[in-house]
Amino acid sequence: MDLIAMATGFLLILIGLFGALTNRNILRMIVAFAVANTGVNLVLVSVGYMTGRTAPILDSAVPVAEATARVIDPVPQALVLTAIVIGVGVTALMLAYAYRLFKTRGTLDISRYTDLKW
Amino acid sequence: MQFEWIMVPYSLLTLFIVVNYGLLLTALMQKIGARVGRRHGIPIWQNYVDLIKNYGIRSSITHGVMFYLGPVFRLTGGVGLLLFVPTLYGSEMFSNLSFAGDLILALYFIFFGSLGMALGAGESGHPHSAIGVSRGLSQVTTAELPFALAVFAIALQYQTLSVTEIVAAQQGSVWNWTLFTNPLAVAAAMLSFLGSMMRPPFDVVLAPQEIPIGPPTEYHSSYLALMQTNRVIFPIAKIVVYMNLFFGGAATWPVFFLKVFLIYFFSLFVGVVFPRFRVEQSVRWFLVWALPLGIAAILVV
Amino acid sequence: MMQSLYDRLKDRFNLGEFTGRRADLAFVTVSREQLRPLLLHLRDLEGFTHLVLLTAVDWIEDDTFQLTYLLNDRARARDIGVRLMLPRDDTQMDSIHDLWPTAATYQRELREMFGIDFPDSPRVNEDFILEGWVDIPPYRREFDTLRFARETYPERPGRETHDPATYMKQQLYPDGEDNG
Amino acid sequence: MVSPIFIIAGSLGGAFLLGLLRDPWRGASYVISLLVLTFTTWLAGSWLWALSSGAVTPVEILTAGTQPPFAVNLRLGIAEAAMVLLINLTGLLSALYLKDTLFKQGRRAMAVLLIFSMALSGIVMTRDLFNLFVFFELTVISTGGLILLSRDPRALAAGFKYLVASQVVSILMLVGIIFAYHATGSLNLDDMAAASAALLRGGALAFFLVFIAVVAELKVFPANGWALDIYESAHPAFSALVSAAAGSASLVAIDKLLQIGGPAWMDVASIIGIVSFVGANLFALAQRVDRRLLGYSSVAQIGLILFVVGQQDILGERYLFVAGGVLLAHAVGKAGLFWLSGLVAGRDLTAWSALRGNPLLLFAFASFLALLIGLPPFPGFYAKWELVHAIAAHDHLLELALLLFGALVEAGYLYRWFGYAIKREIDHEPIAPSLYKRAVVCVAVLAGWLLAYVWGELSPHDNLLHAVPVLFALAFLALEWLPARVKNALAIAGLLGWFAFSYPAYDPLQLIFALIVLAGGALILLASFHSDGRRLGFYPSAMLMYAGLAMLIVAEDSFNFFAAWESLTIGSYFLILRGRQSEPHALSYLVFSLGGAFLILAGFALAAQGNVQFLLVSLAEVAEPLAPWVFALLAVGFMTKTAAIGLHIWLPGAHAEAETDVSPMVSGILLKAGLFGLFMLLMTMGRQELYGVDLAHVMMWIGALSALLGNLMAAFQEDAKRLLAYSSIGQMGYALFGLAMMNHLGWLMALMFVINHYIYKSMLFLSVGGVAKRTGTRAMYQMGGLITLMPLSFIAVLIGIIAMSGVPPLSGFGGRWIFYNAIMTSEYRLPMILIFVSGPIAFLYLFRLIHSIFLGQLKDEHRRVKEAPFWLVLPQMIYVVCLLVFALAPGLALRRVDAYISNFLPQGALSWEGLTITSEFGYWSPVSIMLIVGVIFVVIFAWLLFVNRRAQKVKQFNIVFAAERPYRPETTHYAWNFYAPYKKALGFLAWPVFERFWAAVTDLLHTLAELLRRIYTGNGQVYAIHLLAFVVVVYLLKEGL
Amino acid sequence: MKDELDKRLDNQPDGPERRGSLKDIPVREELLPRWVKGPEGQEYVVEPLQDYFCQAGPTVQTPAYTRIIEDLFNWARAESLWILGFGTGCGAIEMRPLMTPRFDAYRYGIQWRPTPRQANLFVISGYLSVKTLKRAIRSYEQMQNPKYVVGLGSCTINGGMYWDSYNTIKRLDDYLPVDLYITGCMPRPEALLQGFDDLKKLIRAGKAEGANHYAEHFDWYKANQKRVIKDWDMPDYSW
């Protein structure tokens, strides 16, 4: 199960990166990066997953005393949460850039933004 | 050795003998050259006459201070060279002022006159003078080279730079002469000697038909007389160096006269046979033929 | 040979009189306008590649200068002289230094000796042989050479002039015998 | 002490506070931002002060009330404190610099700036891997925001490219982090370091991913296209932040990771670093745009620091000193340059000529460049010294070579740029008048000098800023407002004073050199009285050169020697650069000199075997397999300065184009530094053999070839000063030859040349310079006949050339006489031939010099020329007297040295009895020669005066001219191509082989740079692919290794 | 510029005259006074004829010593005749045989020098056109006192076969002080040797003082010379 999740995660990362590197339209690139980010998050979660355990939420279902044996590692979960937040932030920033780039350049083709080079 | 006042009259005596011998010798050489062309040539005393006449010219001009001083430098160079080298081996009287320095002094003092003369000629403003100097300096750079190498070779051979000691080492037998103990060095030096005598084939510096007579174009009357005086002293002074270094020196005046004559004659002999080289030709000639001899000489010592 | 040449030239140019001197030497006369075309034609098509000389004769009686351009065809070893008559009161002529650079030298000489001007010819106004000449050009026939020499260059008194032939006869055969 | 957490919290709080303010309250927002940054800066500063004074120990800041690994912890040690201070100070200064822009953009931009500095501080302080990631991402986001500060429309695209790349980086990093966590069970860096064995075994890929992601954040070459675009297009203040602060923070992060990775990964870091350093510097060669050039330079510098970080295992406890030195120097220098670029209107490098109107900014420019290159007295110098010693001690020779090569290239393009600023036309807009921007730049300059002082204190050596000569030179910076004449008097007094002060401590050899440098330098400075005005920049440069020389002579250990060497190099570079046409020549001088200096550095480092305080006398104890290499490196280094053939191409231009009074300084005095070095080398190391070849023999050949070719080329020059310059090459060849003979008289002859060459070359340069000044040309054929108009100059040249040609009775003959005596005992005879050939050639150029200028025909336009100015003539006349005195009594100077040399080479000393000097082979009596020649001369002269008393003085055209007459002096003066037939015969020897060789080398480098930099296509996707490819390649190489 | 130059010339005492004389015969451009700008910007006039050449005239050089020394010198002068190798006319070809083995003039102390400075005998070897005369005068003046002139052939005596030429002078002694004429058209080398011998006698007798004569009657000679040489573009005496 966790292997499947992890494999899916890596697949998503690869798809995302492939998409980001082959599409010239920057919106598509942003979407591709979002896909890759999702893949990363999936990998993160899958690494922290332990078969047969439950979510690391200390409530009535999982008493504190049993927590170490019953719940999965909470750290990756926390990491994923942070990563998602940051990912959203970066995506938003990229979209903002895309908006302004389109406004000033009139194109979304990344290969046209080559006035700075060498 | 130290300076003593008696050296002054002795040196003047040497000078007197050499000047007279030089006047006669150069005339004799000209006569011999004329005989090759089946002429009688000049009278043997002609040089005296010319000298007196040039001192007797009444007017003269000057182009400036260096022009005026040029012949003075020239003659100082000749007289100095003569006096810095012992003329007769073993003679207290005719060792002149050689206490002041050794072979190296003589070697470098040769240039004193040429330099001053070149400066004087330069100030005359005559392009032919400058051309002559340019040619002369160009030629001398390679012509003096074999000589310098030969001097180095024999200095190594005798392990001294003192002329007297070099001559002393050659005494005893003719076979002790450098000529026989180090023939390569002598050969190199004698080729160099040809280049320094301003005779064909290395006389493009003066080249009378082409750039009037090169550096002295503007010189006349008493300037010329000084230069003529030098022209009889300087070659002999130079030959004295050669004689001392390569041909066993001379202990008496008759031997001196003979050896100087023969060495001088060598350049005349070559001169009447060969036509004139251009400067770049003579530079190449010295590099190709004389330089290897000199190198061989210092390598085999 | 020269006649056939003349016949060919006659079709193209308005040539004056034709004088054949030898089989390989002839003279034609040409007008000033046609000089240049003719010289070009001779040089480029007929093989007269060499300008031998350019000279002038002062026909003071006819009030003209005669210019002679002598051309040589090396390949066929023949010469042609092109004559041109120039009025003495209008002594300007077209320069041909662009056809033959050597012409410039001849033109300088003509300018100095005859006063025939060739505008635009290189250095044509510089002294050529004479320096500081102030009189009329000395080769013009109205120039009186003898008088000029007498006035300008003082003579040594006592000079006698003899007819060389008679004088030498007298000297050699004072008796009047002539055995030779 | 206030807890350092407030550095983070303060910025964060400030940013939030700004969010609460109303938008139009720009002033208040700005004040708050500044206050926050000031506060954080103060905090970091106070911690740094406390930590460095030992008042407190490094602190751990625990968050969330638990110990790591259960909560994030931060740490503030001395290094972190310094970095945080650097980041916040840079932030504060940039904020000041950005005032206008921030006002325009409003509080949000200010908040982003605060976040940026907070994030960087976080990167430095955090000890948690994921936290590190978070701070990195915050940096990314705030960078994305701050790029938009720029008014350059291209910045937008650059920012997007950056975001693309950082997305890739963050993906790599996150994946790496999670697996690293998986492998160690902790995110705490210290825990991970403890578990590094497990991590490296199982989670090697995970660690690699994290590591490479952080490395990519450093923008290492060649996976850095986006970064260069940002540097080029972003606001310079922001670029300063990125280069100085962000780079530093990332380096700290790498350092932390390497605690986990251990030595194996340090090597990877080193390799990436050194490749980055060399590659980026190479690419920078082809840059014409200032900010992009700075970008490349930043990449290179960061690569260098990465290299240092990777070498921490061999640096041991000096690691922080070295890394800190390089890093801080880079940060201050680069930030300063970026700030400075904001003042310059044009973006082309040549536009920096606008700085010329402002000496202060020019000084700032020079300081920043020196900081970057690591010249004394800046921290980079100390740091590089130790770094090079460490890597040399561990036999990392390839790295050493690459490091020095990269540094040389860097110095090349940076000083080329400086040359543009000094020499190019000012055809651009003037610099921005903004006062506070200038103030920021000045703060950076101050910081740079402060760091220089601090590093000097920290180093085990003497602080260079405590050295009196250096301080004296620097004092002239403060005295620039004085008129030149006053400064000149001060300078002369200083030189003489220092000489008097140090006099008792000199040994005879040092005394000779000190006499030339200090007393001789003062003598040449007399000529400088001629110039009026203020002569900005002249005195600090000249005095720096003299300071270097003065310190060189007395240096006892390699560090001081090398520091002095670099000081004199830099000082003389600035001096040479002052010449009118000297831009390219000064550059080639500097590049060759620094190249030589680096060889010397390498030589010392190899010899010292890690001992950073290495006494020069210990060179004698260097052991066998190493010794010849040390010798060769040092010798080549010194020969660069003496312009031995092959390394000489800088000299003619540099000496010829320099100002009138500078030429004698750099020729008469500066060249002697190389000779002094060689003396020192030969005295300590003696003969060395490499592969069975006697290196002294090789030097002899080099000396002989220099003498021959230098003289020959001099004979073919048309430019008088160039002629003298080439003649210096020949003269130095003689001296080198004498030294390499390795016998007593050889050394004595070399010393004689040192003295003689100083006197007559200074004299000749002064008189030729005076003539050139009066006639307005240096081409000899355009002069002529000046003897009557400039008689004193003529006398100087006349005496000079007689002395120089070695004709008795002047002092040059002494040199020749010693030479002949020396070669009698030399083991090698073949190289003598070249010396013999070159001797008479000296006549060629000397005669040409005097004839073409003073004799021959006077030109119309020079008919009213006056004698050279008094102040130029005065030293010449003093030199004439010196020459005559030295000719009469060479023993004055040589006798003691002769005895001194006997300590090293006892065989063959001269005997100085009475008036005669006697050697083993011959004798020589200078006084007698002078008297005899004098008497003969006077007698003959008197005779001529008598018979020729009625000589008519005539004018220049009264010459026989084949019955004709000359018309124009120009066509009657035979001067141009004077030795045409000689050229025909031997001109092939003067073909510019070496010029072409070096031109080919530089062309090759430039072409390479021009060609290879095209990998930066400008396409963001390509950059991302570079990044991935970089990751893959590094991985494969690492696995393959 | 030009006006200023004129003004400057006008201010000089003989300015207008000189300018007038310049107009008659166009003077070479190189010889015209011209404005020159020095390297430091100062401007001034260079007058080539004034500034390039010594303006002094010749002076009579009296025998400076006692009679006996002067006799010695005269003997030396006679026995050491150095001929200026300047072939002015067709007679130059007659001089060459003197150097050959057949005649070998060297045995009489006669030799040829390539520069007038060192020569003391000027052999005018044939007719002199005005143009050549100018060069001959210049060369003669460049020789040093005492100096001798020998006219060779009838052309130098009375013009010879060029008696009516527009461009050839007829009496050499109007222009240069001739010590001796050798008749013939052309005289054979033997005649030359004979002439030299006669010259030697004159010199020894102290009668060959042509140079002093020239200096004494300098104005007369100059006037004669200038009468035929219209473009006199050199100083009166060419030192």
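Per-chain residue numbering starts at 1, and chain names A, B, C, D and E are given in the order in which the chains are listed.
Operating definition for what follows: a residue touches a chain if its C-beta (ideal position, glycine included) is under 8 Å from a C-beta of that chain, and two chains touch if they have at least 3 such contacts.
Since the model is a prediction, treat every value here as computed from it, not as a measurement.
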item	value
Common touching chains of chain D and chain A	none
Far-end chain from chain C, centres as C-alpha averages	A
Far-end chain from chain B, centres as C-alpha averages	A
Chain occupying the middle, per Cα centroid	D
Contact-richer chain pair (by C-beta pairs counted) among B-D and B-E	B-D
Centre-of-Cα separation between chain E and chain A, whole angstrom	110
Rounded Å distance between chain C and chain D, as computed from the means of their C-alpha atoms	79
CA centroid of chain B to CA centroid of chain E, Å	37
Euclidean distance of C-alpha centroids - chain D vs chain E, Å	68
Where chain E touches two or more other chains at once, by residue number	61, 115, 117, 239
Junction residues of chain B - those touching two or more other chains	58-61, 212, 217-218, 221
Multi-partner residues of chain C (each touching 2 or more other chains)	none
Chains grouped in pairs wherever the two touch, ordered by label	A-D, B-D, B-E, C-E, D-E
Of all residues in chain B, those that touch chain D in their complex	2-3, 55, 58-66, 68-69, 71-73, 75-76, 79-80, 83-84, 97, 99-105, 108-109, 111-112, 115, 118-119, 122-127, 130-131, 133-135, 137-138, 140-142, 144-145, 148-149, 152, 155-156, 159-162, 212, 217-218, 221-223, 225-226, 278-281, 283-284, 287, 291, 294-295, 298-299
Interfacial residue positions of chain D with respect to chain A in the complex	130, 134, 137, 140-141, 144-145, 148, 153-154, 156-161, 163-164, 166-168, 170-171, 174-175, 177-179, 181-182, 187, 225, 228-229, 232-233, 286, 1013-1014, 1016-1021, 1024-1025, 1028
Complex interface listing, chain D residues touching chain B	785, 787-788, 798, 802, 805-808, 813, 816-817, 820-821, 823-824, 829-830, 832-833, 836-837, 839-841, 843-844, 847, 850-851, 855-857, 914, 916, 919, 921-925, 928-929, 932-933, 936-937, 940-941, 944, 947-948, 950-954, 956-962, 972-975, 978-982, 984-986
Touching residues on chain A, where the partner in the complex is chain D	13, 16-17, 20-22, 24, 26, 29, 33, 36-37, 40, 43-44, 47-48, 75-76, 79, 82-83, 86, 89-90, 93-94, 97-98, 100-101, 104-105, 110-111, 113-118
Contact footprint of chain D on chain E as seen in their complex	28, 30-31, 34, 36-40, 42, 44, 46, 48, 51-54, 56, 61, 86, 115-117, 135-136, 138-139, 142, 234, 238-239
